[in-house]
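You will see two complexes here that share chain A, one where it goes with chain B and one where it goes with chain C.
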Partner chain A sequence: MSAVTEPAAAPPKRADRPDSIRLLLNNKMAAGGFIILVLMVLVALIAPLLPLADPNATAPANRLLRPMSEGHLLGTDALGRDILSRIIWGLRVSLAVGISATLISAFFGSLIGLTAGYVGGRTDTIMMRGIDMVMAFPYILLALAIVAVLGPGLINALYAIAIVNIPFFARNIRGVTLGLSRREFVDSARMSGKSHTRILFTEILPNVMPVIVITMSTTVGWMILETAGLSFLGLGAQPPQADLGSMLGDGRRVLFNAPHVAIVPGIVIFLLVMSINLFGDGVRDVLDPRLKSGALTRPVARTAVERPPGEPMPAADDNAVLDVKGLKTEFHLGRTVHKAVGGVDLKLGQTECLGIVGESGSGKSVTAMSIMGLVPTPPGRITGGAIRLKGEDLLAASDARIRQLRGGAVSHVFQDPLATLHPLFTVGHQIMEAVRTHQPVGHAEARKKARDLLELVRIPNPEQRLDSYPHELSGGMRQRVSIAMALANDAELLIADEPTTALDVTVQAQILVLMNKLRHEKQASILFITHDFGVVSALCDRIAVMYAGRIVETGPTEQILADPAHPYTRKLIDCVPVLGEPERRLDAIQGLPPSVADLPSGCAFAPRCPRAQEPCLAGDVALEPIAEGRAARCLFPLAGERGNA
Partner chain B sequence: MTAYIAKRLLALIPVLFGLTLIVFLIMALIPGDPARAILGAYATPENLERLNRQLGLDRSMPEQYLIWLGNLLQGDLGRSYSLNRPVIDEVMERFSATLILAGTALVICSVLGLLAGIISAVRQFGWTDRIVTFFVLIGISTPSFFLGLLLILLFAVQLRWFPASGMYAIYGGGDLPDLIRHLVLPSLTLAAVATGVIARLTRTAMLEVLRQDYIRTARAKGLTERKVIYRHAFKAALVSVIPVIGIQAGFVLGGAVYIETVFQWPGIGAMLVNAISTRDILLVQGGVLVVAASYVLFNLAADVVQSILDPRLRR
Partner chain C sequence: MTAPLIEMDNVERVFGGGRTLFGRQLPAVHAVQQVSLGVRPGETLGVVGESGCGKSTLARMVAGLDRPTGGVIRFKGEDLAAAAKNDFNALARQIQYVFQDPVSSLNPRKTIRAILEAPLIHLLGLKRAARRERLAELMDAVNLRAEFLDRYPHEFSGGQAQRIGIARALAASPELIVLDEPVSALDVSVQAQVLNLLDDLKDRYGLTYVFISHDLSVVESVSDRVAVMYFGRIAEIGPAMEIFARPLHHYTSLLLDSAPVPGKAVAVPEGESGELPDPYNPPPGCAFAARCPAADDTCRKERPPIDVARGTRDHFAACFHPPQSAGRDGG
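Let's turn to the complex of A and B:
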């Protein structure tokens, strides 16, 4: 049995090199950039070996030849010099200058950043003030000032560009170092008596390295561009020495009669910088996956519905406000499919309050959000079942109809009111918006209604509070505002997704009392999602317990609380702390809920269940009625044997 | 709000002092005899002597700085030897031309960048998004001085739609339509890179915001998708894009150096390039100082706009 009770350990994560490079090459754009870059660097490296004309040999007779001329593939410039040869030699210079500048900047910038971040205190303040001062300059301008002092010339341009980029490195690296130097492994290194220098270079530097590499990969393109720019202005490379920028500058003088002299070096700079940018973006995506573009997909307005064609529609239930049958909602992440909701039936009558209870990840919130199509797509989609609101099939309704119902007949209260209220609009604005979306009222009337709503949810000084921003209110007040917003249009169904979880206990109780009162005053039905049995008992008529995307037990609140049938329900109830019963077991349920991407074949709870037996693992367990109005998904339900499970 | 602006203005003073200190230090690091560097190779011994006394070069560094700062506060940036006129006059005249160019470019890159970013985010992975992403990549990879040359070749030489250089027509002109005709190509060129950067960041910011809980709340209220995107999401995204626009002001002001050279725009950038070539150090000093100070003010404006949008920042 031990093999079953132990949750399967995740395979050890390895972030080794070959993987990163493969990841990088999987990104087509980055791979393309990389190939162009490698080709250019190769050509620049082997330039002395190539059968090229002397880049500095002038031939006045052959001046300004067009590209594809005999002996001069890319033509000649104003002095009759071969452009192809000059481009390749110029590329060599530009690459060398750009990369040197990057290395210099990275070295000094990292040194400053590491020191400031590690030492902290006044050293940090003074160094960063200095960096801020330098960054207060537009940086090309600073480079110009430095060139003005040092005098025009390629090496001076290199120094100038390197110096003005130091602050970028210093800032980025200081931030990371600051975070790292407060971590445990650094403390323990200090305890073990390592010197500060050693800690910096053996403990911190290896961890900061990715940031240095990212900053280098994102700045090297700029540095090449800016040194080319200085040369273009005549402040960098001086004749006869030439880099791509000075060649472009030369070409500008003959732009009107021989544009190719300028266009060829321009295109080469463009290709070089573009390939570096593409490659740099790829490196950043691999080393800093949070920024990966693919991770940021935009959820659309309504959850996609993909019911298999020809699936018979479950029969409707006439007298229910909300009737959910066989609901399936999945998340497609890469190639894995997470069956967050795997066939859920719910029924909610007039003014009834149904509690959905379960651990996080049980699918309770996804079930609730599926009703009005608020599950984000991508990655979520509804793949089966039916949702009816007073007999109307919501999954088949038009977008316009859904919009009309959202905030109208069906309203929502979400968990964390600081995150769910818009931080940049006053609460009055947000409530009025809810009112005016569904009612044809003017500004003044909407404001009056908003005021009344705040009064209804017992917010003191409602008139002044209308002009407050969410961050100016306490957590309890914010949640009252959310509730007021949900009541703006006399909803028939209120879907509350852990509305009290973020609040402290006394405020929790007030909110629950408020919701209960409003339910009876406004004749609304409530679907209440929570992980907390204590909260359920205060408000709900009936309970549905969810585990791994399915309902495992359902029935009237008192009966389930007094006499749970499913071992999981029992465990959940045992988790609720009770005052004056210190010996009560507060140990959480052993193990973790199964991943809904890979559900076991039998009962999903079996691996954690003390009563599990062979048949539990054999096949699907059905939700069977066990008494009037009660059902449980268990082969060996508990029957009044409280206390010795 | 007024209190916030007053506070920010006060905080500006040390930054501006810092700028003067850095500009002073850079110029103080000139190798060799500063008076000769300032006056050039052909300066007479009397002039050298006078300038040395004027700059107080026989005194200590802090004293020199204070003297220089005192002169600066009285609007005295010294005299340009190559133009033989007060630096402040030349700089201010040139700066107004730069401000017209850079200001126009800043408006163009903000409007185009924000629009492209929003559209690209809303139509994520669609054709519009791909086209925008493609142009953004081209935009941020093309050296602005090269783009300027290409635009001159296409629109001034081939199509003859716009003039290739100058701020006004040499003969006649000088009115607003003439200015606008001369402004089109340089301001577009100057805006190109910044447009790309802003578009990219707006796209990311929009995608980030559209995943927030308060957007779900807006949808749960039954708002139309247009309101969700253009009112709720855009306002929040704008808060994180505004500082970036402030930073882009620096790149636009700095990039003016190239663009003014390419289009022979009579601004401060072109002036600086000439001044460096002629080693007119005081002129460089004055030009750098004025542009840097204006950049600080642009950033202040960005901060103020940001705090107007986001009440949480008004502390």
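Let's turn to the complex of A and C:
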């Protein structure tokens, strides 16, 4: 969705989305983890200032005191040392070791990952096979072996844990780097004269940084546990130094007569690691671009409809297959409201093909998606109007009815067939699924229907093709399969959203010819969305031109192409180079379309329009009929003045 | 006639190939094969073809971002691949590249100033004051206001981002700019702005363009000469006017018939499959033979040399049976 385009004059506003910290604190689990973590870190930091007993002072007379006893809030251990004091000092040690081990392995792991991912080839193979070898050992055994070589001690345990975790960083970072180093901005930096080393550290590293931070935040907790594990085994902190793991190990010996000696450090380890993990997950959710783009918001199965109560229902039109009246669809992002569709009327008769033409952000796709409730909610919602399919109000229909209609009477063909076909199932399987969802037929009959459908869309050798996977077909063949699926249940309305934009020009021509034939054979109406006037004239009977969420002109294809009434339509036709007219200077439209979050009062095109006058800016301009079957949203239409086309 | 700026002689680029550790031959794809052409100073050479025809690989080789595995590309008479290896930056001062996707060719974490300053620092070694002056000049050249310099790429629309990409390419005052589908990611109204800008810049700075595109009408409107590529080879090359008026290759004719033109119904042969040959197992003869209405046994067995069909002047096509079109009317 690129519905937001800033006007050239106004300073571009930064996207009005909640910032990272607010997002993080909105996540209650992460915020809870964060608070506990901050408290623990604070206590650990100010330990020397706190009025604590000496953690290493033994007092055999006071051994194994219970918690809440006089002077020892958490009791004492087998040597009579104050547990509270030891816990806080031990927390300090555990945190220091966990964090420094994370930093060390993040540094070396990222360095290896960056180098391997960027250089690629043999260097990558050698480095990553080395990493694989480290990973082939069970980590605790490897850590034990390293400590065995270096000798027990907290610092050696730290090294061991850092080394053991390097592969984790290296593999994560390498994957991301590999993707980034094939991006165009790397070539662009190369053409700017930057050396490879400079590209790696000034171009790629800033983009990898979030991944490093995410990996670190999810590793710290694990590292603290591993340190505790080594200390528990007696290989980490050496007596008398306190450390959460060694305290747990000490407590084990007196577990039955004084369980608190083991339980208290156990609880602290649990709280610490739990809080770090909750916080780390929160950080990941905020920083991960895939999750940031709204995947966490979990859109519902159907666009929310919030028509203002009491608004009169627009009258129905009887003989139309699809009748859209005053449709309004909005997106609520943060505090801004994007009026992606601001009152659109469409009418589509039997076997008619209506082309919706517009630039990106004009609301043409959102209009099409609103019909079957495919606009994701949140953030989208339909806030007004009526959509009727053969007289039935789709906005008032039940979810079950919509499910029945989707892929049945109304079906979609999207732009990218590789993204809409499931890569793991054969095309036959997918067509059969589409058939059997709507029709009570058996396996054999469904297969026969699928074969017939492939034949209908002129795929050679349909019987063999049924067992092909999508990646085995070319782009044009895949789009034919999508069309076959859309026609599987005798669709009355086919919504085709830029179905040929991703295809090569010779393939596009075939698909257009095919669609034109099929709509007559199958008696289907087509709502065809595109940005290309050439494509429109190949297929559509009528056109609706959209600009900033509204239809600015509508009428029969030939008439609009030959004699557009709205200045925007005229400009849009003139700015496209036409084959066979190379000498024509392209008449570019100055400026940019307005943002649908901040529409000007009056005609939305007025700021870019050469014919704009005072009244154009004053108030809303209505879509007025200008001739039989034609209408334009313009106070000074161009009717009759033929241009140079 | 002046000496060509770029001269390609039997250029070939093979991906894959080689052998495994155990000596087994790995499959190879010939992305570009036997391409010979010249780019003259001051002209725009359009390269047109569908996806997978090798046009982007060709573009990357011209800019020194990729090396041919066979044949030689000469820039001002010197081997370009060797020059790129010796001193890439020296070559980048003379040949620049504009990328297809304007947004992904700008690093999302750098300001426009940092992006545009990079070539000034690393290619030209300009001092701070000289850089400031040149930045203002560049932004002016691409019709962007100087206050945009401290913004980040995501704050720009596609057309503005592409103008920044063009400004970056212009920064080092190159002689040749390779434009790899510079407008295909843009909206039509913005596409015209960028095409007009490219046209103005060419006149103002005396640039030479290699313009790669899949869009025939765009190529026709910008190019002096056009090379049509199919399946890694040049199918037809010649002056733009002639190619579009009197194509000498059936593939060019098919492209012209398939292009959607406002007010024209699309007419393509029903049986046309649009399938490319298997790149791992290329046919021995003409790669287009399976889709060609005029193909005969010769076409399927022998590969037509590039100059087997000749039009006027420097108009050639690799076709044994060139279409006998009497000339086409515009649009």
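In the analysis below, the second predicted complex is superposed on the first by the 478 of 645 C-alpha atoms of A that agree within 3 Å, B and C clash if a C-alpha of one lies under 4 Å from a C-alpha of the other, contacts with A are read in each partner's own complex, and residues count from 1 in each chain.
Going forward, contacts are C-beta pairs under 8 Å (C-beta built on N, C-alpha and C of every residue); 3 or more make two chains touch, one makes a residue touch a chain.
Predicted model only: the values in this text are computed from it and were never measured.
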{"item": "Touching partner for A:P259 - first (chain B), second (chain C), both, neither", "value": "first"}
{"item": "Chain B versus chain C as contact partner of A:F414, first or second or both or neither", "value": "first"}
{"item": "Which superposed partner A:L592 touches (first chain B, second chain C, both, neither)", "value": "second"}
{"item": "A:L144 touches, of chain B and chain C: first, second, both or neither?", "value": "first"}
{"item": "Doubly contacted chain A residues - partners chain C and chain B", "value": "none"}
{"item": "Parts of chain C lying in touch with chain A, wherever the complex brings them together", "value": "50-51, 63, 65, 88-89, 92-93, 96-97, 99-101, 104-110, 115, 118-119, 121-123, 147, 151, 154-157, 159-160, 165, 168-169, 171-172, 187-193, 195-196, 214-218, 220-221, 240-241, 244, 254-266, 268, 270, 272-276, 328-331"}
{"item": "Touching residues on chain B, where the partner in the complex is chain A", "value": "15, 18-19, 21-23, 26-27, 29-30, 121-122, 124, 137-138, 140-143, 145-146, 149-150, 152-153, 157, 204, 206-208, 210-214, 216-225, 228, 232, 235-236, 239, 249-251, 253-255, 257-258, 261-262, 272-273, 275-277, 279, 281, 284-285, 288, 291-292, 295-296, 299, 309-312"}
{"item": "Residue ranges of chain A in contact with chain B within the complex", "value": "129, 132-134, 136-142, 144-149, 151-152, 221, 225, 228-229, 232-235, 248, 251-252, 255-256, 259, 262-263, 266, 269-270, 273-274, 277-278, 296-299, 301, 372, 374, 376, 403-408, 411-412, 414, 416, 419-425, 433-434, 437-438, 469, 471-472, 482, 485"}
{"item": "Residue numbers on chain A that touch chain C, as the complex places them", "value": "5-6, 8, 11-12, 14-15, 183-185, 187-195, 198, 203, 206-207, 359-360, 458, 460, 474-477, 504-510, 512-513, 531-538, 558, 561-562, 571-573, 575-582, 584-590, 592, 645"}
